[in-house]
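Two complexes, one shared chain (chain A), two partners (chain B, chain C).
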Partner chain A sequence: MLDVIFLLLSSFAIGGALGMVLFHQPVHSALSLILCIIALSGLFALLSASFLFMVQIIVYAGAIITLLIFIIMFLNVKEANLPKEPHKNITLFLGALGLIPLNILILRAFYKLPSSFLEKNDNFGDIKPLGMELFEHWLLPFELISILLLVALIGAVVFGRKEEA
Partner chain B sequence: MNMISISIVIINVILALLFSLGAAPILVWIERRVAGFIQDRLGPNRCHIGGIRLGGLIQSFADMLKLVFKEDFQSSSIKQGFLFSLAPVLVFGSAFLTFMVMPFADDLKIGEQVFMMQGLPIDLGILWFLAFAGLSVYGIMLGGWASNNKYSLLGAIRAGAQVISYEAAMGLSLVSILITYGSIHLGDMVAYQGTLLFGFIPAWGIFLQPLAAIIFIVTAFAEANRTPFDIAEGESEIVGGFHTEYSAMRFGLFFVGEYVAMSASSALIVTLFFGGYHLPYLNTGVLKSNMPLVLSFIVIALPLVSYLFAKWIGKNNHWKEEGNIRNRESKILIQGILVINVGIIFLLGIFLREGLGEDGVNIATAVIQIATFAIKLLLMNFVFVWVRWTLPRFRYDQLQDLGWKVLMPLAIANILVTATIVVVMGV
Partner chain C sequence: MIAGSLFSYIVVAMLLLSIGLLGVISRKNIFVIYMSIELMLNAINLIFIALGRHHHSMSGHIMAMMVIAIAAAEAAVFLSLIVVLYRRKKSLDSDIFRTLAQKESL
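Moving on to the complex of A and B:
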């Protein structure tokens, strides 16, 4: 049963990722990206990482892609105005070639994994242990990342602001 | 999985269906009659089946039938047929899923097994609600975009901008609530609200976090796309907004989805701020230990309330002429109330005489709590309807100002104050 769900979710994730690259119409690409993200969150749920499962949906599917689609719809590009992509297949092929080193790296990491996995403890992936871990052992990196995000946010507001007349 | 656990799962799913999907016709009825009352008219009340009108409730079922049998028209300008059909399903499905984590009653213990009384037995609570409430906006945006119509697109863009802005304030107001209760599981929050504050006030969220309650209720209105935040379908400006091109059951799904979303928001508001399934001063423990007393109280109070209700029916649903349809309906309704009364009192009498046993007391507690939750849910839904027919619609810039410049700073200030109090008091 779990295997079937895993296969289904993975194929949706891969299909969504492919669709995101291959579709011509930007709205369709964004929608495939959502499909990919929701399938990924399902994979997190299968690994009983419930917090990641929810955060993946809330942050990526619920907020970031909503903004993306919002902007795409706001521009409302007509079919005729979309850029022509005459060398699409060649570009895709070259892009795939460029990704081969990364694939080799991931495959090597995969084969380095121990063949028998550690038993997970009862509250694995729950919110409380995750928060404890973050704020006890990784407090400084966590705060630094928060400041980085804050700087990016303020920067966006500053750039987005109209000049005072 | 034995018989008991299977039946409890089935009961939970049916209850979730009843509270969300089954509530839709009742909510439509409440909406129309309350609108009529507020605008000093009657509202629809003539539709009947064999004389039974139930104050106009039958009209909702007639409307449902109409939507099902109407021609499903699709304009030829619509190029994205699949997305066009997918949109209402997304709105309806995500609204329905948000309801699945609302606890109807305290955890039910039968024998050695403990069951969570909610649609799906998961303890992700608020996160689950936020996730699927955020997804519902895709349905509206896709529907508006796929309609290939400028009014629909405007409605979709407005809906998107509104939900994104209000989700920020909603999330921040929820943070202070999470700090107070110390859990994201809605069942834990309701259990916390069963205690007493200073020994005499029920520790309901509205007393602990009044500011967060106000911010959350306002943002919940915006998330459910209800007036005063329904600029996504402002009739006077953009026809029907995102559902201009929809008809028949595809429109019906949007329509029902709106009521399911409203019901889910009400359920969350009740759960977070109004004690959930707890009767004030009677938390689960007290209710269990005083079960015979509570049952005797019901035996006494039920006939009294029913008598008053029957008298009210007789007075208001009456016509001078003999054998009029109204007089006949009154007679049938009063007889129905009598039969229900006799049945319930007979059942309770047996329980009181024979004693309930531990499992029986637990089940009786769950039933009372489910009834309490249902009443609170209806009252909160009534508030939604009340506000809709009282307040005018916001202008777009006023709406964004309220979201970003008022609600969000207030929510952040509330987090600061709450966190300081929690740290200083060391609770």
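Moving on to the complex of A and C:
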């Protein structure tokens, strides 16, 4: 049963990713990226990361991709503004051939690892052990992330301002 | 048991990472390049969470959460940059955004 769910979710994820790369219109690409991200959140749930499952749906599908689609609609892109890509299929094919050695290298390295998962506790992946781990061992990176978000906010406001002459 | 082994998750994550890298190196539409970067970050998240489940430690989850926060920050800056560039050049072709690289293309 879990195998069937895993195969379905991973095929949706890979199909969405392929659609994102292959579609010509950016709106179609963004919609298939949403499909891919929701299937990935299902994979997170299969790995018993229930908190990250919710974070993935809320932050990625709810905020980031929605912002992206909003920007695409706000710019009102016409067909003439899109770049012409006459050799798109050939470059994609050649790029895929070039990426095969990297995949073989990494998959061989992971193939040597013991493959089955350890037994898990009842509350593995819940919000409470995640918070305990975060505030016991990862406090400084957590605070630095907040500074990074502040800097990104200021940067977005500065870039988005109307330019004075 | 496919869903219980680490290797199947790594295969899915590596396929997604390769598709994202392919989108960055062979497409010209700047929105597709941005979405490919997001896809690569998601594939890395999947590797982190699978390894955290494999070692039964929560550190992988923490790293995945930080990657999500960095992706949110990147989204804000990248999309406002796209808006500024589109206002100036009226195109989404990443080949013409090279004013920082060459003087004569100004």
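In this text, the second predicted complex is superposed on the first by the 142 of 165 C-alpha atoms of A that agree within 3 Å, B and C clash if a C-alpha of one lies under 4 Å from a C-alpha of the other, contacts with A are read in each partner's own complex, and residues count from 1 in each chain.
We adopt the following convention: a residue touches a chain if its C-beta (ideal position, glycine included) is under 8 Å from a C-beta of that chain, and two chains touch if they have at least 3 such contacts.
Just so it is clear, the structure is predicted and the values come from calculations on it, not from any experiment.
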Under the stated touch criterion, which partner chain does A:I34 make contact with: chain B (first), chain C (second), both, or neither? first
Name the contact category of A:S50: first (chain B only), second (chain C only), both, or neither. first
Which chain makes contact with more of the residues of chain A, chain B or else chain C? C
Using the superposition on chain A described above, determine whether A:L18 touches chain B (first), chain C (second), both, or neither. second
One more residue to check, A:I127. First (chain B), second (chain C), both or neither? first
Report for A:F6: first if it touches chain B alone, second if chain C alone, otherwise both or neither. second
Tell me the contact category for A:L68 with respect to chain B and chain C: first, second, both or neither. second
After overlaying the two complexes on chain A, where does the chain B footprint on chain A coincide with the chain C footprint? 51, 55, 63, 67, 74
In their shared complex, chain B is touched by residues of chain A numbered 27, 31, 34, 50-51, 54-55, 57-58, 61-63, 66-67, 69-70, 73-74, 76, 127
So in the complex, the part of chain A that touches chain C is made up of which residues? 2-3, 5-7, 10, 13-14, 17-18, 20-21, 26, 29-30, 33, 36-37, 40, 43-44, 46-49, 51-52, 55-56, 59-60, 63-64, 67-68, 71-72, 74-75, 77, 81-83, 85, 88, 91-92, 94-96, 99, 102-103, 106-107, 110-111, 113, 115-121, 124-125, 129-130, 133-134, 137-138, 141-142, 145, 148-149, 151-153, 155-156, 159-160
If you look only at chain C, which of its residues touch chain A in the complex? 1-12, 14-16, 18-23, 25-29, 31-32, 34-36, 38-39, 42, 45-46, 49-50, 52-56, 58-59, 61-62, 64-66, 68-77, 79-84, 86, 90-95
How about chain B: which of its residues touch chain A in the complex? 83, 122, 124, 127-128, 130-132, 134-135, 137-138, 141-142, 144-145, 153, 156-157, 160-161, 163-164, 167, 184
